[in-house]
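Shared between the two complexes below is subunit A, which has subunit B as its partner in the first and subunit C in the second.
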Partner chain A sequence: MHYDLIVIGMGLSGLMAAKTAAADGQKVLIVGKGMGSLCLFSNTIDVLGQSPTAMKMTDALSQWIEGHPLHPYSKVGLKNVEEALSSFLSLFPLPYSFQTIDNRNCLLPTGAGTLRPTFLIPTTMVGGISVDEGRELIVGFKGFKDFYAHYVADQLRCRGINLELPDLLSQEPTATALARLMEMKSFRENTGREIKKQLQGETRIGLPAIMGTHDPARVKDDLEGIIGAKVFEIPILPPSIPGMRIFNRFKEWLIRKGVTFLLGYSVSKAALKGKRCERIEVLHPPVITSYSADRYILATGRFIGGGLKADDEKVVEPVFNLPLSQPRSRENWFGDSFSSDLPHPIHGAGILTDASFQPVDAGGNMILENVWTAGSILAHHHCIDEKSREGIEIATGYAAAKHALEK
Partner chain B sequence: MEKPWPKTNSDVCIRCAACTAVCPVSRVSPKFPGPKQAGPGAERFRTPGEPSVDQWIDLCIGCHLCDMACASGVNISELNLIAKAKYTDEKGRPFRDWLLTHTYLFSPLGSLFSPIANLLLKSGTIRWLADSLLKIDRRRKLPRYESPTFRQWFKAHHFNSHKKMAYFYGCYTNTNEVDVAKATVEVLEANGFEVTLPSQRCCGIPMLGNGDFKGARKLGLWNVPSLLNSVRSGLDIVFSSTSCGHMIKHEYSNLLNIPGSEEVAQHTFDIFEFLRNLKEGGNLNTDFRKSSLRAAYFAPCHLKSLGIGFPAFDILQLIPGFKVDYIAADCCGLGGTFGFKKEKYEISEEIGRDLAEAIDRLKPEIVLSDCEGCRMQIRHLTGLKVLHPIQILRDAMTR
Partner chain C sequence: MDIKTEVLIVGGGATGAGICRDLALRGIPCVLIEKGDLASGASGRNHGLFHSGGRYAVADPEASRECITENGILRKIAPHCIEETDGFFVSLPEDGLAFRDKFLQACEKVGIQTTLLNRDEVLSLEPELNPNLLSAVKVPDGAIDPFTLVLENARDAELHGVKILLHSEVTSLILDGDRVKGAKTKDRIRGEEYTIEASYFVNATGAWANQILKLVGLRIGMALSKGSMLITNTRLNHGVINRCRPPSDADIVVPNDTVSILGTTSIRLEDVEHFEVTPDEVSLLVQEGSKMIPAIRETRFIRAYAGIRPLFLSEEKGDDRAISRGFVLIDHAKRDGLQNLITITGGKLVTYRLMAERTSDLICQKMGRNTACSTHSNPLPGASRPAGLRERFKQFSAARGEIVCDCELVPRKEVEELLGTEKLRDFQDILHRTRLAKGTCQGGFCVYRLLGVLHDSKMLQGDSNKILKGFLEERWKGIRPILWGAAVKEEELIEYIYKGIFNF
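And now, the complex of A and B:
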């Protein structure tokens, strides 16, 4: 099969690239080895969490871009970062939408009871902003092992309880099981009534992020109606239900747009001819299927999904064997202290590109004229420390697709 | 040469829980610990030669969704299946499981005596007996037999062309959903292909799903030489049941090591994948009548595990006026014979309920799916008319 564009990788950057191209009417194939880290860690959208909460994001970004000319945001440019974010937002109409608070970062509670800065917040988490008044009740479920209400509450200096619901008696439900139960009226109502019974004047209720996969806004509204207090979700240990909501939304949108969606298959070979990628091969034993395209976007992420691989000596990119920016030797991968303030050099390793996200060698020469790169696999960012992972993925996925379509 | 079963190193599992996020069984039932625990987790405690301790392994429905979610490349469902085989080999299989996996032996008789057979299958007494004696759940409707069978119909059917195809119709289609096979033949003929039927038996996927590797392998060893014959005389093979296709293309070689299966796999295609390839080459007959139907399409698990995308959904878009929406749900919950078993019926129905709700949100006039199991389950849970997409395509052909 021949396509206009093939996207390799199904994380947020790959999904965003596929969306951008499909919205432009292109014939697109997206192939991914697995569901990507979106379904593990993402809840909200971080853009530049390390910038001060007092600062408007536009100002923070333009300052950042000025100070970091090689950073992916600088290659995308402020205007396009904002366009990319609006394009992402357009996929999530009400009632489950993402919003900013006055275009600034704000602090949201985590499953560890800490507060972390983030930018785009889903409807179900907005209620968790500035939880530091001690007026919250943190509610967990007995038997649910991925959220510890008392621990979170201790950190936030408020009260925590574990519900013992008859429906869950002697069970150890998973996050997906709880999310499903939450969308059942009777379970939701029982939960709401039980919480109301245990209220001691609290005005806000923090629940683990399991308030349904299809219609979480409805779950929130119903619970608030029953309890008579505001309800908000707090991120849990993986898998992330809010991350799955994002993944599922992209998936459905792309399939309905006619994008060929190959989840669960990795690229076994990229066939090159001169400076062009001619086709990719997907091995599904014992069958090898070839797909060709005019353009390719590599968005395979970092180590978790196998976008980057490390051996004893160095880091490699396995699909195109692209040159990487990386520490000179393994001894330089990590800083002296695990939790030092400086990012570990290994986290800055990644693919070198020109301003339009085409991979280049150390001398700045283009390697493949029909390949672009997007997402966390890029060099010159420290998304963990910058708290910029989703933002980089959205912005570069969008920008790489735009550049690819222009050429 | 006998290769050992491919065994994935479960140590590459990073315990990320992506598989648990998509498992339909652990979503609805706490009895199954989920793919992370049941697959790579429990694998670390399994020792050859020691008795199996995986009492819950039987609850894995075999959908493969976990394999597809895993970014580390662990074939979780394969680990489960091998563990299930060991568990059921030790524990012994009830007569019920033999019956459910050997329907291909008596379905021709069912078809021959279909008026009587169908009366019996519908009868409350028979279903009560099946429920109490065999533990085949009485709430599950047993599929009706049709007469004549597809093979009998085909004998009296003539179409000649220099372009020839082979067709693996599958045993269920032959005796229980004959029109699916007729439609497949008619669409291929409308595209200028003469269809031939290689001799074939059940592909063996019901046995494999029940952990009966030996039985499944026997059927594979019977089918592959016959299919290989077609392939070596220059024919491509199409299938209209995605489960049969998944079995022939991937499990025959991957799990069962059947000689010749790799060569067969290279020439075997899903019917809509084949049509999509024709379209790609500009050779698809797209002379379709206008339609005003509003349909919803459900992608079966074993279509996803073929790794070909959703070719039926793509091709259906070509019918002018025909509106088809994608059903955002995973796994119908029938799992072949799984949903017929009394101890699993409730799990099957609960999984199916999520699908039924997703269908209800779309309010279609008709539902389409490429797998007979999914069609059976959707009919059972929604009461809607459910067809194979090839039947819609056939109806839209102008000749």
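And now, the complex of A and C:
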């Protein structure tokens, strides 16, 4: 089968690249072994969380771009970052949409009871903005081990309660199991009534982020209707239900647009001829299938995603064996303390590209003329410390696809 | 709160806990004081080898004989702490067979039963071994759970009326002529200070022995030797694998439950409090260990750690060559004229009981009492309890409910039961007493959950993120040296949880 574009990697950057190409009418294949960090970590959309909350994001970004010429945002450019974010937002119409508060970062409570700055906030989390009035009730579930209402409440100086779960669960109550339960009307209503019974004048209810995968806005509305108070979700340990919502929405849209979706398989090899990628080989045990395209976008993420691999000496990119920017030796990968002020040097490692996201060698020479790269696999960002992961994924996925389409 | 007792034992390692159990069984009142938790020094920081004595048979037959005798006794009194795996002394082509023959003779002399196995025989028992090996000698080595051993000794002592003070340190010793009259102590958590008066004082502080002796102006010749170890993610060997050559770096791989522990190095240290595993040590352990078990080169490690061996230097002038792995019992009455102070140090985990016996004998002799030791025939309280992986699986399947630690399958119920029965002072005490934070993620998930459980049960209130951050830094010391390969993935996950989702 021959395609206009093959996207390798099914995290947010790959999905965004596929969306951009599909919107342009291209025949697209997206292949990925998993759903990327999206379903582990992403709840809201961070763009540049480390910038001051007082600053408009546009100003923060343009300042950042000025100070960091090699950063992925600088290659995308301010205008295209904003276009990319709009393109992402257009996938999420009401009722489950993402919004900003006055185009600035704002603080949301987390599963450790800390406050965390972020930019685009889903409908179900908006109610958690500025929880500093002690008027919140944090609600957990007995037997659910990834959220502790009293832990969160004690940090936020408010009250916490734990609700009993019905015995009908034949499995461990995981985040996904709870999300499915929340989609059952009876469970949701019982939960709402139980919370209402236990209210002591609180006006906002914080729940772990498990309010359903398919129609979270409905879950929220129903709960608010029964309880008579605002309800908001709190990000918890992985997996991330809000991340799965994003994934599902992309998947539904892409498939409707005719994109071929190949989930659960990894690319075992890229066949090159001169400066071109001819085809990729995908391992469907026990057979290997080849797929070819005019252009390829590599968006395989960092270590968890498998885009980068570390042996005991160096970091490598396993699909194309692309040259990487990386610390000189293993001793320099990590700092002496876990939470040092400076990011661990290994997090800055990644693929070197030109301004159009085509991989280059250390001398800046293009390596493959029909391959582009996107997402966290790129060099010269520290998305954990910058709090820029989703922003970089969205912006570079969009930009890499735009550049690929132009050529 | 001032305390009066007959014997004050300083140090809650295997030796100290063993002494207080021994004395308690002889009906002698005593108190144990420990500045951290039980087994927080070398007793808890070793590779968990249940020695047959084989390792020392050639160089130190006396220490070796002690080991094999105690090996037999511990199998009877502490079967629940021991996995009877056997051990193999493996000769590689570069080692030749000269040492092996010496080894066989030496073992016979000290009474260690050996079986000589040829290449195919040993490979059928231990398929991960280097297929080029020449031969292997089977000895009755095994794996021991040092934490349980120490906790059980302490528990039995408590059942016999001994008072155990944890997280409390001796700040000074009060002298009265040629006797120690009392110890000034401080509770390190509450800051409370109090005095313990006793007729006899035992310094069982291992590597810290000179810090206690300094309080009365004394010092013994002791070398501190750091030994570093690596823990693999899976168990690579059924039995203990030793290199059949004179003791050297990285010559042992001890199986332990679901993992293997690769050890050790030996580096002289000056400071007993500050030490860490260096990158060079990690490289050396992997390089040398993989000669015995080639899979070590590919395997994933989950942690590096180090312990300090207190090695006693012979006090005869000019004789620094005989650093014994055997133990020393110093009667400061004879040595320094201080009538009621005893220091016991050196030795091996497997000889802790003998060390306790000799110390208690000396105390009895000083007291003019004639009560015999009974610890060699008196099983530890949990000895009748079935142990091992099979038992853990049975408990686990019966427990149901929430699993706090997915790596090691620790049920919340187990944690809550512990909270109900033990007077725990510190959340680290809970980690010591369960398998929490011992698995692949090294507490990346379960310590947050543990703190959550503590908040649920109102045992913690307020800012627990400070505790969590402290734990992550402590954890980092063991993780950073082994960060390559798959471990980098795990670390990216953990880092993103705490710095990303939780914004630490």
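In this section, the second predicted complex is superposed on the first by the 399 of 407 C-alpha atoms of A that agree within 3 Å, B and C clash if a C-alpha of one lies under 4 Å from a C-alpha of the other, contacts with A are read in each partner's own complex, and residues count from 1 in each chain.
Here is the rule we go by: a contact is a pair of C-beta atoms (placed from the backbone, for glycine too) under 8 Å apart; a residue touches a chain by one contact, two chains touch by 3 or more.
Just so you know, these numbers come straight off a predicted model, no measurement behind them.
Do subunit B and subunit C fit side by side on subunit A in the superposed arrangement, or is it a clash?
The answer is fit.
Could you look at A:L40 and tell me whether it touches subunit B, subunit C, both or neither (first, second, both, neither)?
both
Please state, to the nearest 10 degrees, the angle that the Cα centres of subunit B and subunit C subtend at the Cα centre of subunit A after superposition.
90
In the superposed arrangement, which partner chain does A:S337 touch: subunit B (first), subunit C (second), both, or neither?
In the superposed model, A:S337 contacts subunit C only, not subunit B.
If you stack the two complexes on chain A, which partner ends up touching A:I65: first (subunit B), second (subunit C), both, or neither?
In the superposed model, A:I65 contacts neither subunit B nor subunit C.
Name the contact category of A:E172: first (subunit B only), second (subunit C only), both, or neither.
Both: A:E172 reaches subunit B and subunit C.
Touching A:I304 in the superposition: subunit B (first), subunit C (second), both, neither?
After superposition on chain A, A:I304 lies in contact with both partners, subunit B and subunit C.
A:V360 in the overlay: touching subunit B, subunit C, both, or neither? Say first, second, both or neither.
So A:V360 meets neither subunit B nor subunit C here.
Is A:P238 touching the first partner subunit B, the second partner subunit C, both, or neither of them?
Both partners, subunit B and subunit C.
Applying the document's definition of touch, where does A:L78 land relative to subunit B and subunit C: first, second, both, or neither?
Neither partner.
Which partner chains sit in contact with A:L115 here, subunit B, subunit C, both or neither? Use first/second/both/neither.
second
Just the number, please: smallest Cα separation between subunit B and subunit C in the overlaid arrangement, in Å.
Least C-alpha distance: 6 Å.
Based on the A-chain superposition described above, do subunit B and subunit C contact any of the same residues on subunit A, and if so which?
In the superposed arrangement, which is not itself an observed complex, subunit A uses residues 37, 40, 172, 237-238, 304 for both subunit B and subunit C.
Could you please specify the touching residues of subunit A with respect to subunit B in the complex?
Against subunit B, the touching part of subunit A is residues 1-2, 29, 33-37, 39-40, 171-177, 180, 214, 237-239, 244, 248, 251-252, 255-256, 258, 260-266, 282, 284-287, 289, 304-306.
Within the complex, which stretch of subunit A touches subunit C?
So the residues of subunit A touching subunit C come out as 37, 40-41, 43, 110-117, 143-151, 154-155, 160, 162, 172, 235-238, 302-304, 310-313, 330-331, 333-334, 336-339, 344, 346, 384-385, 387, 389.
For the complex, give me every residue of subunit C touching subunit A.
279, 286, 401-404, 412, 445, 448-449, 451-453, 455-456, 458, 460-465, 468-469, 472-473, 475-476, 480, 483-485, 488-489, 492-493, 495-504
Which residues of subunit B touch subunit A in the complex?
Residue list for subunit B touching subunit A: 14, 16-18, 20-23, 26-28, 30, 34, 67-73, 249-250, 253-254, 261-262, 265-266, 276-277, 280, 304-310, 313-314, 317, 325-326, 328, 354, 358.
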